[in-house]
Structures are given as C-alpha cells and as structure tokens.
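Starting off with a structure, shown below.
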Amino acid sequence: MILVMDKSATEADVKKVVSLIEELGFQPHVSKGSERTIIGVIGDERKIKRDQLSLLPHVENVIPILRPYKLASRDFKPENTIVDVAGVKIGGKEIAVIAGPCSVESEEQIFQTAHAVKAAGAKLLRGGAFKPRTSPYTFQGMEEEGLKLLAKTREMTGLGIVTEVMDAADVDMVKDYADMIQVGARNMQNTKLLKRLAQIKKPILLKRNFSATLSEFLMSAEYLLAGGNNQIVLCERGIRTFVDYTRNTLDLNIIPAVKQLSHLPIIVDPSHGTGRYDFVLPMSRAAIAAGADGLLIEVHPDPAQAFSDGEQSLTPSAFQILMREIKALAGVMGREV
Amino acid sequence: MILVMDKSATEADVKKVVSLIEELGFQPHVSKGSERTIIGVIGDERKIKRDQLSLLPHVENVIPILRPYKLASRDFKPENTIVDVAGVKIGGKEIAVIAGPCSVESEEQIFQTAHAVKAAGAKLLRGGAFKPRTSPYTFQGMEEEGLKLLAKTREMTGLGIVTEVMDAADVDMVKDYADMIQVGARNMQNTKLLKRLAQIKKPILLKRNFSATLSEFLMSAEYLLAGGNNQIVLCERGIRTFVDYTRNTLDLNIIPAVKQLSHLPIIVDPSHGTGRYDFVLPMSRAAIAAGADGLLIEVHPDPAQAFSDGEQSLTPSAFQILMREIKALAGVMGREV
Amino acid sequence: MILVMDKSATEADVKKVVSLIEELGFQPHVSKGSERTIIGVIGDERKIKRDQLSLLPHVENVIPILRPYKLASRDFKPENTIVDVAGVKIGGKEIAVIAGPCSVESEEQIFQTAHAVKAAGAKLLRGGAFKPRTSPYTFQGMEEEGLKLLAKTREMTGLGIVTEVMDAADVDMVKDYADMIQVGARNMQNTKLLKRLAQIKKPILLKRNFSATLSEFLMSAEYLLAGGNNQIVLCERGIRTFVDYTRNTLDLNIIPAVKQLSHLPIIVDPSHGTGRYDFVLPMSRAAIAAGADGLLIEVHPDPAQAFSDGEQSLTPSAFQILMREIKALAGVMGREV
Amino acid sequence: MILVMDKSATEADVKKVVSLIEELGFQPHVSKGSERTIIGVIGDERKIKRDQLSLLPHVENVIPILRPYKLASRDFKPENTIVDVAGVKIGGKEIAVIAGPCSVESEEQIFQTAHAVKAAGAKLLRGGAFKPRTSPYTFQGMEEEGLKLLAKTREMTGLGIVTEVMDAADVDMVKDYADMIQVGARNMQNTKLLKRLAQIKKPILLKRNFSATLSEFLMSAEYLLAGGNNQIVLCERGIRTFVDYTRNTLDLNIIPAVKQLSHLPIIVDPSHGTGRYDFVLPMSRAAIAAGADGLLIEVHPDPAQAFSDGEQSLTPSAFQILMREIKALAGVMGREV
C-alpha cells in the first residue's frame, strides 16, 4: 500500500502517519519526491482498513499494491483449474458447450431440446427452474417440478444438468438435481448464497454481474474459494454500457484478462450477452477465438413460443450450424469440442 | 405496441402478422408509410410476449408504447404517495433525513451516533446489521445482535429505525426491529426478497442498483406494489459509469424523471453515491435543490475507525453543518426539514 | 414517425396534432389504443423536425421509425461495398491487415517497421504524422516531414500508406501522400473535416468515437457519402465503459450490427481498442471470427522506445505470429489474408 | 511514479530496472514488500514515458503519483481564477448566467431572445453560428452572417457574446465578434484548435466531452494554459452512460471534484446535459447548490420552431422563472446572480 501525502504536508504530518503505520504493526518506508512525499506500507495490506490511513490529515491518496483477491489469483495457483462437470472437463483442452432453453417449460419442451442439443454435440444441458424476471407479471419458473424434469432428462439422455439457484434456502433442493449450479448475474454479490454454495461439493457456474469489474467478479469467486469450494467456472454475459444494438455489451476482453490474473476457467454466454439470436453465432466464434473455455447457449425448439428469452434463443438447426463452426474453429485453436 | 415491417415485406407477410395479432385477441391497425409498413397492436400490450411478434418473418422492430410498470406509474395514481415511517412523512412537504453509521458496530458506537444525529435534527436512524461486502475477509455485520442494539437505541432516543434485510429468510426477524426495511442496491432485483417484503406492512426503502434503468427500478417497486405493499420510498445511490473521481456517479437527473413518471417518493444517498465524505455536503444540497424528498447520510463518531465505509462517513459535527445548510435550502424550496 | 399522446389527451388535442401534421404536408394516421392514442406520420420523416411535434401539448413521446442515415444503410444499397486501397480490396473475401507504428518517428524507424510488416504479410502500412495527444507536453508528430517519409517508404516497399488527417486545412497536403486517409476517433464528428474529405477521391478509414452509438457512427459516414465519397471503411477501436483492465472496451458486437444495417466494410483496431500489447493477439483473432473485414495493428521495432503508444504495440516477431494465426483462422472462415 | 514488480521478479530483475531509472536521470527507491517489490521513481515523472518502464521484464504495473496536468492544478495556483467576460466576473461571488438560442436563426429571433434574457437578468448571450450537427441533412448554421447578427445584438443590448468556434481556421474571424469563445464538447481534444486559442486574448468556455475523464478535461485546459491563455471557464454538459431518460447524464459530481483539484471556474449546461426542457429548472438549481459558478441555458422564443435543440430550450417565460429561483438559491449559498 502506498500513501501519497499532499503538497502541504509537513515533516510532522509525515511523522504522524509513520507512527500510526508502526502502531498497526506494519513497516513504513518514506520516500521524498520532487513534489510529494510517499509512504510505502510493508506487510499484508489486505489486513489494513484503507480508511484508517486515507482519513489521516494530509493523506491525499491511498494506492493499493496487492489485488484484493488471493485464492482466485494466478499468483496463488499458477496452473489452470480444471472443473469436472459430469465428466466434461472445463478449463483444459476441451471446449465445453452448455446448451438448452432459458426456462424449463414442459416435459415435451425440455426433452425435445435435450435430444436436439445432444445430437448436435453438446454434453451439458442448461435449463432454468427459477427465473429472476424483471416484471412480476411474467412467468417465474416451474420450480421443483422443473428440476425433476431436468433430472428425468439427464436419465434419458446422459446430459449433465446445469441449473440456477436464486436463494440460499433453495441450495439443498437444487444440489440434488444439478451437476453444476449456476449463480446468476444478479446474484453475483449475494454473499449469503455464495457462502452457502461454498459448503457444497458441486461445481459452480458464476456469472458476471452487468456492472461488475474484474476485481469484484474475482472477489465473488473468492467467497466460494475461501469457503472451501474450488470447482468454479466464470461466465461473461455482457456488461451495461451506452450501446443500444445489443441488450448488453458482450465484453470478450475479459477473457485474456482472466487468463492472466486467475487460474479459473471462463466461458461465454453470447445469448444473454447480446440478447439477439442473430448475433449468437458470430459472437460464439469470437469468444472461442479469444480463448474462452466454453459457451453457454440458449436453444429452444420454437423460440417464438418460449416463455422467456425467445429473442436470443437459437432453433435446434441454428445450434447445429453453430456446433459445426465451433468445431472447425477449435481445431485451429488447438482445442477440441 | 408498434410492429415495423422491413423494406422487403410483401402484402402476404403483412397479412400473416395481422392474422396472428387477431388470433392473440388484439386488434391490428396497418399503416403503409413511404418506406415501411407499420402495424399497431391495440389492446393491453403488457399481455403479449414481445418475442411472439418480433420473431415473425419480416418484422424488423417491435416498439412498446406502454411502459412495463403500471401500479408504480403516475398514470395509474396521479397524486404523490406519502410514506409514514415512525411518524415521519416522506413524500410530502417535509424533507426526511435518515442518518447513521454504515454498520452497527457496538452499543457505544450506535448510541453515540444516534444522540449526535438526533441533536442535529434527524428523526430516523440508519444502521446495518447485515453487510453485503465485496470481500469475504471483511466485517460482515453483527446480525441479530445489531438489530437488538438498534431497537434499544430507538427506545432511548425515539428515532425511527431504518435497516437492511439481505435475504427473504431474514424478513421475519428484521421486521420486528425495524420501522423501515431497506432493500440494498445489490438486491434490487432479488425477486424472492421483493415478493416476501410485499406481504408485510412495513415501509420499504428500495435502493437503485448501480446499473438499473429507471424502468427496471420501477419494475422492482412494481413487485412490491403488485404483492400488496405500497409503502415504498425509492433511493438513488449512484450508477456505474466511466468516471473515476467518485466511487459511483450520483445521478440526480433521476429525481425529475421519477417525479414525472411515478407517484413514489425518492430520496438520495450521497454517501454511497459519491463514496467521498467531502462530496456529501455539496451533493446533498444539490439533491434537495433537484427536488429530492429526503437524504440518507452515513455518520460515524470516528470515521477512521469505522468497520466499513469510513471514507464516505461524516463526523457528527460535519453532519450538523449539513443539517443547517439543508434547512436553509429547504426554506427556499418551499419545504421543511 | 409515431406520436404517442398522453393519457389525458382529449379528442381536441388529437385534432390539433392531426391538423399540424397535415399542414406540414404529411399524412396522419390515428389509432386509439386501450390506454393511449397514437398517431402515425406517413411520409419521409427525415424531413420533419422532431421538436415541432414533440413540443405540442399532450404529445408524450415521438418515436422515429426510419433510421436517420440513408446512403449508409443496407436498405439503400443491399450489396457489400468493396473499397480498393492501393490494390487491396477491403470488404470482399480478403482480410486486410494494416500495420505499422503509431507515429512516424524517424526514417530508420519507419523503414524498419515497413520491412518487418511486409515480410510478415501486411500490404498496407499505417503511420501517424499528426498526433492528437492528450497532453501538450508529449510528442505531437513529425507533420509533413513524416508524410514524406511515408511516401518514400511506399516507394521502397510497395506498401500502401494509411495516415491520419486531423484538420480540414491539412487535407490537401495529406491526400498527396496517402493511399487511405484516416479520420481519428476524436474527429469522427468533425463535420468540417468530413465535408472536406467527401470531396476528394481517396478512401477514408473512419474510426468510431469512444462514445459513439452505431447510429452516430453511420451518420458520420453519411456526411462522406452525401458529399460524394463512397470509399469508406469503418473501424471499431473501443468504447468507454466502466471497465478498467483495458484502456477502452473493444466492442466486437458492432461487427454483426454493421453487417446487418450497412453495406460498408468494418475493420478492428485491437491496439487502441484494448491499449495492451498482450491482448492484441486474442482480440485480433476474435475480431476475425466475429466477421471483421480486416485489422489495424500497431507494430514498432522497439515498443519501449516508441514516442507514443508503446504499451499497445507489437514487436515485429509478435506481429509475425499474429499474421500466422490470422491466416489459419481466415481459412476456417472462408476468407483469405 | 511507482513500479510494482511481479511476484517472480528476481534481485537481478530489480537491479536492471534500477539501473535504467538511474540512466534516465531519476532516483530509484526500492522497497521490498511481503509479496511484491516496489520501486519509487523520484523526480518529475511527467518527463518519463510510462512505456519505457512498463515494458521492462517483470514490471507488473506502473502507478503515476503526480497528476498529468500542472498549470490547471490547484497545487500550482491555490487561489481561484476569476475570468472576466465583458465585465461579468466568472469564478467569484457572482453566479454567471449565459442564455440564448442554440443557433442564430434570424435577426428577429436573436433580437427577441436577447431582449427576453436581458429582461430576466442574464448578462451574457449565447448563440451558435457554426453548428456541429449529427446529420448532414440538418441546418448547419448561419456562419459569419450569424456572427454579425450577434455583434449587432451586443450593440443594441449591451449583452456580452458567447459563441462557438469549430475549426482553427475560423478563430481569427470569430474572435472579432465574440466576448468569449466556446469550444464544444466534440472539440475538447481538437489540439490544433486548442493551440490556436491559446494564442488569443479572449476568454474560453471549454466544454467537457461526453466521455472525458476529469484528467482529460483538465489536460485540454492545460493546452490552453501552456500556450498562454489562462482565461478559461470549464463547462459540464453531460456524459454518456446507459441511462435513457436524459439525452446525456448531467454529472454534477464534477463540481466538487474540479473545485478541489483545479483553480478554474466551472459552469453547468443543463440544456445539453439533460436534453429536456422540463429538467432544466431542477437541474439548474441542483448545479448551483452543488457549487457551480454559473449556468449556460438555451432559450428560444418559440422552441417548437427552433432550427435546432428545441426540445431542450426554455421559453422566455420559463427562463424568467428559472432566474427568479436561481436568485433565491444564490442568497442561501452566499452568492449573487
């Protein structure tokens, strides 16, 4: 941690800061510049409350040196984490494709979709039983009945099941049905939910909030890691910007950023990330080319009749084309689908 | 709802859309423009799923005419809603000031703060017992013990208590201690929590999420209203932008926007909204001048020692100055503190 | 254009609007909905000033139906525009790579870079002679001397020259040296410059402003098209968002958006778009996979010594790797480098 | 400047950096932390190119300590700058109101507006002769004829004239007519224009670009100051965010930020900042309450007929109300209109 003193700070002001740093059990390191005096704080800065120092007289700025997350950092664990979801290894050579409808709507709908995505080559099925909708007047999900349909679909197709949990109170129920539990963008900082999920043994798909910085995103992973669950896959799904031709701005730049700073795998959800079915194919290709470890794709047998997210869902035949193109691309990237 | 057909749409394409609209029980209204044919859909468009129409062949665009919220709109209820919190009427002539620490930290801390803010003229005390922190390594709140201290403080000082609930499972506990329950920015779209809070009789302080549009904000209020709780106060607390001199960008423009579109009162939290104690005073004045119905201000007896948010907390004496300035301003605005 | 009347609008209010529309020479088309009356305006809405209608009493909202640009739209010209720059065809099957230093710094530097990028397979050389720097204390470019060095480099290497013009007054000078003239992000809405460039016969590389919507971007192209220059290549180079791990947020979503709405080619500048040399390779691949028609890449023989933008420049050997990877990718995409 | 070495940096890596710092004529200051070694660079860091250090092996991060602007900083000049525009002192006790139409449209229009704003208490008249429009198909300004009308209006009314210049080539012409020259948001980083304006003796109204950080904004002022013109008034006019109820997001938080970091006065343009005439009054009050030194307000005798920006223009009578409210507010703030 670096403290920058303001221009008018006197020797005495600096001394006061230095003594406080020592009292807190850290080692101060003063260096007088041409215009400012700066004071380095040596020790594990994560243990200091910034305010204790920033509110001292004549302290102009406090600059952290270490990143706030530790267990999620590549510094801490240099090799890639590989997460096993029902036999699919995410984070290694394989590109994982998780596909399926936004919501489970009926037995027929989920069976039909599952067969279609399996035929196209997907090994994991997504489907929501609890839906966090913007409007109280729209479909809110089939809840446990939906989870049961997902489990039945797994039995029939062998596909692993990825489904969202929205509340800490539902974790026990959901974990019995799912192979991987999704934390939605709106819950990325639901700390009670994260703490509960840290205690279970299931892999977690952690989606980035619309307005999360990378540091906040990795801090949410840190909650899981600190609590004991290291089976985490990150997922980029679009950020909020001024842009209006997509529902969100899918931010593929985060892929090289995550690869550099963290050991966790990252996949991309171009369906939510763009909100447009006609952008899903090009942005899926782009995600893989940028180095993503997988894709999360919404597929529905009849998007116009979907209970939710029809505008961003692929038909089974469009999904087949996507799988074909992704396979070709994976080859060039030295990976496999 | 207006459907814009693309340039290549034929008579037959238009007919197909028209028939579907009729089948859905709505009345179509075709109008041929110079470059585009547009089709109006007459009826309560909130009952149509957009995708059913937007995914039809040659439909280029679907434009909603009505806003998605109804009960929260001024159309529905033209007169201002006034919310009574422990005798303080929010939304009328009075400007309500809710002040107190970010977190309840100890009996001494909360008593001392409560006395100070009361002496300065505040009638409502804020204080958090559950803290949604970015980092798992920082103070997470005193939980029920904190709520008990708040209740005790109310007894001693007569101040009404405003405190946050973070999880639907805690609503029962919190409602017994609080005069007003706060929904934090990160929970603005926690629909399970909103549905639970809709069923209780306590006033709700609903904070805007960092990246919420006005429509999303009012849709969260709609969840509460649709469920039966109309005692809602909105709160602006900063949005996420590219700007770096404040932690968030306090967006006062939302005040006239809310006043125009909704009957609900709106207050402003310049402490979280700017993240800087030295900006709290000017931005509080600005909020009142823009027409806000109140303020939510963080006050701590010793900000440098605060367990959380010290950098944005006022000392009791700075808060006293703020109250004095707000009172003078209120006079000019035809209001009272 | 659609006018939405507010809830309290009477028959008489609607009549007043209808008469004005007729007076303006357009045809009104009234349709009474369940909660609102809406009035369609038939005719070329680009000729109406929005305010004339939006400021009428009881007009709640004015919704344009047509996009503001015409010549730049795919409606107007369905087939792709192909721009020929010194024999390189941009917008067809070929993927064009424009590479070179941010600034021309010396004869040795530009020659060395030119040879290196040519050896790696680039056919066009970029290099700035006028530099729009944030700080007045930094290098501002070699101006005409730099242009002469570029021309000399073309003679020696056969590479086409792409260089920026920053001021309408310099267009005559720059056009004599350049094969393609770049309009920088900060000048995207410099209408005097655009009008001047519309009159010359050189291809234009039009960069998107940091905060431009797609509509604003295409309106700048419209200035060029309306003035008679249809040799335009668009360039995405990052938008400003809250994200901090890149200098800008490279927005690849704009590629499918441009392909849908416009006939103009679009290339991507991952150097400025990310501001980080180590992100240039993955984001270049992603751009091509998303469907971009080319790349604009900063290359410098010794980035640490570059007068500007060293942090985002590739070394010649890193550029060689990039070209190799792009070639492999182009094959999968059915394109060529 | 602080260099943070990465975790794997050896003694030898640190030594290499230290020698380079010494070679560059600066003094290195090494401090070994628990997880990272950091190296302070003592001397005027504005003279080092960041890349020279950031691209060295094992340098993880380069953190500037000094702000990039100097002459614009309050460190450099602690007392407020007061700018005299035709006798109106901006930056002192007086709150300056500059009012008038977006564009000069005709003699009658500008005379009528001038008389109205003068009657209401404004002392400075704004009016554009060159209009930077998004669309090539809309009114582009009366150019020199407009300037002549402005000069004639000054003669008749005694109002000082504030008008925009869009191109360095027009500075000579404009400066003969204007009392204050406006640099528009789109030209904030037009360095050729800034350098030219630095050489004249007229006060400059420098508007913030939609996506400018405070540092970039003050660097543009630095161009003027470094070139010799210190008569600068800053103007906030809205930033681009995801928000859709205003055309831009008027960011009043910049007022206390500027007051802290710079000695230059700052005024606010709520007309462009919100794009809505009905938000101009509340946001004008908010601006003054936040500490702004003045306002820039669009007024038009008949907004619905305005050639540009009618939707955000006040009628003369609405402007009269605004002036009355601002005067009352100024009293409370210890200022005068």
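We just call them A, B, C and D in the order they show up, numbering each chain from 1.
Operating definition for what follows: a contact is a pair of C-beta atoms (placed from the backbone, for glycine too) under 8 Å apart; a residue touches a chain by one contact, two chains touch by 3 or more.
Nothing here was measured: the structure is a model prediction, and the numbers come from that model.
A.B. asks: Where the contacts of chain A and chain B overlap, which chains show up?
C.D. replies: Touching chain A and chain B alike, sorted by label: C, D.
A.B. asks: Considering A-C alongside B-C, which chain pair is linked by more C-beta pairs in contact?
C.D. replies: A-C
A.B. asks: Measuring between mean CA coordinates, which chain is farthest from chain B?
C.D. replies: C
A.B. asks: Copies chain C, chain D: same or different interface, half of numbers shared as the threshold?
C.D. replies: same
A.B. asks: Whole-Å distance, chain B centre to chain C centre, using C-alpha means?
C.D. replies: 38
A.B. asks: In whole angstrom, what separates the CA-based centres of chain C and chain D?
C.D. replies: Whole-Å distance between the two chain centres: 26.
A.B. asks: State, to the nearest whole Å, the distance from the C-alpha centre of chain A to the C-alpha centre of chain C.
C.D. replies: A distance of 31 Å separates the two centres.
A.B. asks: Tell me, which residues of chain D touch at least two other chains?
C.D. replies: Within chain D, residues 211, 240-242 contact more than one other chain.
A.B. asks: Going by the contact rule set out above, which residues of chain A touch chain C in the complex?
C.D. replies: It comes out as residues 211, 213-214, 239, 241-246, 249-257, 260, 274, 278-279, 282-283, 285-291, 328-329, 331-332.
A.B. asks: Where on chain A is chain D touching in the complex?
C.D. replies: For this pair, the touching residues of chain A are 2, 4, 7, 29, 31-36, 38, 40, 42-44, 63, 65-66, 75, 240-242.
A.B. asks: In the complex of these two chains, what residues of chain C are touching chain D?
C.D. replies: 46, 49-52, 54-56, 68, 132-137, 140, 166-169, 186-187, 189-192, 194-195, 209-211, 216, 219, 222-223, 226-227, 240, 277, 303-307, 309-311
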